[in-house]
Amino acid sequence: GFATIDTDREKRTGLPEVIYASGKTAEQVAQIAERMHQKGIDVLATRATPEMYEEVQKLIPGAVYNPLAKTIIYRESKYENDKGYIAVVAAGTSDMPVAEEAVETARFLGNRVESVYDVGVAGIHRLFHKLELIRNARVIIVVAGMEGALSSVIGGLVDKPVLAVPTSVGYGANFEGVSALLGMLTSCASGVSVVNINNGFGAACQASLINKL
Amino acid sequence: GFATIDTDREKRTGLPEVIYASGKTAEQVAQIAERMHQKGIDVLATRATPEMYEEVQKLIPGAVYNPLAKTIIYRESKYENDKGYIAVVAAGTSDMPVAEEAVETARFLGNRVESVYDVGVAGIHRLFHKLELIRNARVIIVVAGMEGALSSVIGGLVDKPVLAVPTSVGYGANFEGVSALLGMLTSCASGVSVVNINNGFGAACQASLINKL
Amino acid sequence: GFATIDTDREKRTGLPEVIYASGKTAEQVAQIAERMHQKGIDVLATRATPEMYEEVQKLIPGAVYNPLAKTIIYRESKYENDKGYIAVVAAGTSDMPVAEEAVETARFLGNRVESVYDVGVAGIHRLFHKLELIRNARVIIVVAGMEGALSSVIGGLVDKPVLAVPTSVGYGANFEGVSALLGMLTSCASGVSVVNINNGFGAACQASLINKL
Amino acid sequence: GFATIDTDREKRTGLPEVIYASGKTAEQVAQIAERMHQKGIDVLATRATPEMYEEVQKLIPGAVYNPLAKTIIYRESKYENDKGYIAVVAAGTSDMPVAEEAVETARFLGNRVESVYDVGVAGIHRLFHKLELIRNARVIIVVAGMEGALSSVIGGLVDKPVLAVPTSVGYGANFEGVSALLGMLTSCASGVSVVNINNGFGAACQASLINKL
Amino acid sequence: GFATIDTDREKRTGLPEVIYASGKTAEQVAQIAERMHQKGIDVLATRATPEMYEEVQKLIPGAVYNPLAKTIIYRESKYENDKGYIAVVAAGTSDMPVAEEAVETARFLGNRVESVYDVGVAGIHRLFHKLELIRNARVIIVVAGMEGALSSVIGGLVDKPVLAVPTSVGYGANFEGVSALLGMLTSCASGVSVVNINNGFGAACQASLINKL
Amino acid sequence: GFATIDTDREKRTGLPEVIYASGKTAEQVAQIAERMHQKGIDVLATRATPEMYEEVQKLIPGAVYNPLAKTIIYRESKYENDKGYIAVVAAGTSDMPVAEEAVETARFLGNRVESVYDVGVAGIHRLFHKLELIRNARVIIVVAGMEGALSSVIGGLVDKPVLAVPTSVGYGANFEGVSALLGMLTSCASGVSVVNINNGFGAACQASLINKL
Amino acid sequence: GFATIDTDREKRTGLPEVIYASGKTAEQVAQIAERMHQKGIDVLATRATPEMYEEVQKLIPGAVYNPLAKTIIYRESKYENDKGYIAVVAAGTSDMPVAEEAVETARFLGNRVESVYDVGVAGIHRLFHKLELIRNARVIIVVAGMEGALSSVIGGLVDKPVLAVPTSVGYGANFEGVSALLGMLTSCASGVSVVNINNGFGAACQASLINKL
Amino acid sequence: GFATIDTDREKRTGLPEVIYASGKTAEQVAQIAERMHQKGIDVLATRATPEMYEEVQKLIPGAVYNPLAKTIIYRESKYENDKGYIAVVAAGTSDMPVAEEAVETARFLGNRVESVYDVGVAGIHRLFHKLELIRNARVIIVVAGMEGALSSVIGGLVDKPVLAVPTSVGYGANFEGVSALLGMLTSCASGVSVVNINNGFGAACQASLINKL
């Protein structure tokens, strides 16, 4: 086969192998999903199109698709982390696909998640209405495009680790997410670290490792 | 001489000719200053070193130096714009040199100015304590380095034009002000426009033209 | 719904909420438009395709489409700012879509607008023919691609604030508007501030706040 | 004074105010340090020169200087986090200043720290000799310049969160740390997040927040 | 015709002329292929689509297509370099198209090739399982995207020249291969040199020249 | 010696060999100058410091230094091109060093030169006062920093070739001349070509070749 | 109409108005072409598709299309410059579209043209076979992608002005022509100036102005 | 001590450990050198200042300094590779420091070296005079700044592997070696691979591994 499943990975890294569907055919995604399923491994595919879901569903009828997150999930594991929840906070409605990728991934990894959307800094009163929910999380994922200012503001308001996800939302001098990325990296608030542009999945992995501590 | 004074400029553009001292010798700055002074033109030199001030003072004893702003000013004009004030808001103490350049320039141009410093978004409660002062201005200059988030937050809280000045404060992925510049240009708030990195002078010119309307 | 309308925004920021149609489906745009319309809010959608207009028109028959500006507008408000007009000046015919976005937005916000097109610096006599119209405006929006030189030239000829809008018009070393953006930011004329590439909407918002002073 | 101490910050963000000495005079650093000391606040200054230390020592004799880390520390707090330790892993000897900044900061914040240096991927056997020490940490800070590959390798070997700090070590196509930054952001391993170039301080802040969970 | 075949090239440069199919029509590729074939020159076309192959096959029935490598090959030459083999090592399955271009080109040039795929540094134990095969090669081509760390790791483990090929695999801060390129250029291991992004062909040419020594 | 003089160059390229003094010691410059002088070759050294001139003068007493242009010249040739003159036009006084390098080089190459300084587009009336002098040249060198708009304006006003020289004059988003360079490359006027940042020498070489036609 | 024809331009700039077809509809191109034709102005449209040509031909049957150059031309003018010819030299076959744009434009402007293709520096003997033809031109346009080395080589071999046109031919680190552009700007040969990426038209305009001297 | 010597490295990688002196004090360099010397390891320090050499010489009197290459060498090994020589070819005299670093390193590693300097493409006849010497090498290192064209030209003339070293020689759009780097990476000649800017050492390491095959 074209891809060997690294079943040992979860023990080694605390994170199971998942399918990054981008650039694969619907058939390839479905085959890998089935192979994992047959070995009793839970399935998560990210960046998955509806066509891919159709193919997967033929082989794994119970699989669930989130069209906003573009995730396919089939999960049998009963593991739930009961230490606390991860907050996923997004600035604008256009950032929601990346935020949802984080939400779905974090849940797949056994975490409780609270999501708070549309609280960008251009109307900062909206953020304050949700501050308690954010402050009570154990880890906070902040998803924002354009200037990415939200992670700085939240970083200065909470005493928990903030994981910032820049998105490619915006145009012109946004440079497909570079502006948000740079803003988050040079954040004037401490306690903020950053993952790649649009990488909701990666932020959720990191948040899950932290939430298990 | 090496530089012709454009006395007509004020009538044409609403802004007088001033001395950009960077790259000139102390003697050159002093000579230009004196020539202007002799023609009855008020003198503003920006990016001026203490050495330059020493030379200017020999020729124009009443000239005043602001070492933080790095401005030399000699002003005889009695013109005061009484329509309202310009607020100059700075994120961190390291942004103060640029903010002070804006303050000195705006006053030189006949404007009333209120300055509000050290209200960066990493401790956003500080901003709210000063919000009324900011909201009551006719124009707001926002000076910030690192991720430049302050202009987005203020832009979303006021109904007056915001002029954003990115500063080169920061290091690493800050790229000498580029991160703040990009953040301000892609601001999620409307009513924000931007001038060049560290250009407190330019922001004050624009603010002064607006404040005269 | 997927987007909460921020009805309070106008009071807070002097600018109403509008629909940024890019990345939304025709149905989504139409639904948001209708919801606003039902609450008695005037509707402006920017970056709207003809398909979106078709959907909006089914629900709001009086809505008007400007295919060059790509705006959908339904306006009942009677407010007209009578202090003076905003001039929208564009360098080339290819810059007209961005200029028209500015014109439509400025009118939607209650401003009188005069537009002056095709006066780029490669044939600078054209600009001089229109100089009086430009000089008599209270605020001037300058829209230009390629090297963006027009804002420097106009900035040196008028005593009113100039808002520069770089456009992505050009190719090669133009880098989708970056050359014009950098040129405008480093303008040798004072009294010029800049918004994001192609952001005619943002320039009009800023101009409207200024024109109300 | 020129800088207001944000004593409330620790309660709000879990991280106390510290002195970022870069760009300040030795006298300014000493004065701020003394003011904090008099209020009973522990003192940490980063990016501090030997001259600054001399001034601080005059006022706070017990202050300790780490010339590699360029930190000045005076700590009275008895707080020690006993949940486990933070590992600080550095690729090359030139990365040690940044690593030491992280070590000093993490200890100042009450954490136990184990440091592992000179284990870059060009001689990967060195890393394997220290793997147990790294694996048994609760959080791992990885400091590396040039291509920044070390965070990917470690990220694939441990089940704990990895915080990657790119350094400006290198030359040419290293672009003062950009290559390492990009490498770390696009890491093929999950469970890795990134802070600004050379920001050992920031990584330690984040690690400390995580280690307290 | 539109392209003159440089039959003399092989003698001059040790490398025959081949067809770079990208940007050519299927007909053009087929015509050039046939013209070469008629002169008794072996045919290699890179970046070839299935449509191109169809056209070539009509004229040269024995031509073979590798859809992953996107190469069309017709080879009559009997030359086989018997000094040793070239190892082509790829980090992830998405890097395989570039790796296969290298494999096909190297074989076309008369070299023995061993390929080792899916041994990226995020699971470095996989690499160690294949280390002997890699170490026994005379030249090693390392193909990797994202942060390109694999060439540093291998460079530190072998005493043979490593040719690194960055790929455009990845997204966001990967910048279509720039991150891998920079990582490979600034590699902390010696004995590594680099070719253009995705240039499996070029790496194989260089490897073949080396393998003939 | 460390540098072989290419005496044949002038015949081959129409341009003699000259000394690029940057990065050489005063002694090296003087030695090369003397060697050329002894062979009867005219001497031009660019980017030369006063210290270099001192050394050269010891060996070639008649050599002349232009401290603004930073050129050392010793010319015995009687050749004067009498077809017409080259105009060297500079935007601001800070652009004069580059403009003077062009002037000195062009004269050294036997051309008549007219220089027109301080006619930047921020006060465009100044340009019109000098337009006849510019229009009557056979070739026009335009030297400008910041946004480099002057070459577009002149390009649209004259029917002669314009050679644009971007300068590094400016700060912030000027990026040491990149903004002017990009502006000149994307000029909306035809008949403009560009040389490297600050390369007054190169523009004069090209202008001289053209002026000889 | 949407575009005013600047009939005065030729007198002012030595270059007539032409149609830049990119971004216009076939109908718009045809209408502008006809309007020019009716006024007795010769027609040149660049970047024109076959569809545009079809529309133009309906209105101006004698118009001629060059599909490689993507130019539409209708020329009645009898003017022929008899001073000498322009050489258009291209490195690779993929650079031919840009070279042909230059050829067609130069002929349209009344110049004699000799074209020399496929003489890139990777097989430099090809260049030497054509050197006399190149050397005897009055101006030389050099068109090259990838590293753009051809203009340096030719610049060192001829005593005539070289106009370099970088093309976007290449991939990866070519960055759509930036590598060739930078290479040409920093050319080690004097007597080379540069136009925008792919701007065969602009090079021909400049060459024509020069060739008329 | 601050640096552990990796004595095993030579066996593992074919390349011994050497001292990269940049960023170390003269004392540190001398101490590491002596420690290596005492263990019987040959010493090579690159990027070494005269002050460092003074310190080293006190401890290892026989050490030799090359001030152009900035290398300190003490070599007792008798190993000489007798298979053939490495050619080090440099474009301009300013590229000689990097070329000499390559020469010294290659000799230190036991290779015979022939160096060919000042054969840049702006006077290509110089290259042809030396072509036999270059062609007869087993590996060719090409060192060039500015546009880096020399590696393309040589790559097209020889049937041996070419290792290209871009240098930071140049100014303006040269961007401290980036232009040469990009030019070499996108070279139109095959059989060329590239190392980091100014990395003469790295090129020699790679060349030495190849020359041993």
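Labels for the chains are A, B, C, D, E, F, G and H, by order of writing; each one numbers its residues from 1.
The definition used in the following text is that contacts are C-beta pairs under 8 Å (C-beta built on N, C-alpha and C of every residue); 3 or more make two chains touch, one makes a residue touch a chain.
Source: prediction; values computed, not measured.
J.: If you average the Cα atoms per chain, which one ends up farthest from subunit D?
T.: Chain centre farthest from subunit D's centre: G.
J.: Compare the contact pairs of A-C with each of E-H, C-G or C-F and report the one sharing over half of them by residue number.
T.: C-G
J.: Would you mind pulling out the distance in Å between where the CA atoms of subunit B average out and where those of subunit D do?
T.: From the centre of subunit B to the centre of subunit D is 36 Å.
J.: With chain centres taken as the means of their Cα atoms, state the distance from subunit A to subunit G in Å.
T.: The separation of the two C-alpha centroids amounts to 50 Å.
J.: Averaging only over C-alpha atoms, locate the centres of subunit G and subunit H and give their separation in whole Å.
T.: Roughly 42 Å separates the two chain centres.
J.: Among the residues of subunit C, pick out those that touch two or more other chains and give their numbers.
T.: Subunit C, residues with two or more chain partners: 12, 123, 155-157, 172-174, 178, 181, 185-186, 189-190, 196.
J.: Hey, which chains are touching each other here?
T.: A-B, A-C, A-D, A-E, B-C, B-D, B-F, C-F, C-G, D-E, D-H, E-G, E-H, F-G, F-H, G-H
J.: Under the stated contact criterion, what part of subunit D meets subunit A in this complex?
T.: 11-15, 83, 138-139, 155-161, 163, 181, 185-186, 189-196, 201-203, 205-206, 209-211, 213
J.: Can you list the residues on subunit H that touch subunit G in the complex?
T.: Those residues of subunit H that touch subunit G are 91-92, 120-124, 146-149, 152-153, 155-157, 170, 172-175, 178-180, 182-190.
J.: Under the definition above, what is the set of subunit D residues touching subunit H in their complex?
T.: Subunit D residues touching subunit H: 93-94, 96, 118, 123, 126, 171-174.
J.: Where on subunit E is subunit G touching in the complex?
T.: Where subunit E meets subunit G, its residues are 2-4, 6, 9, 12, 22-23, 166, 168, 176-178, 181, 196-199.
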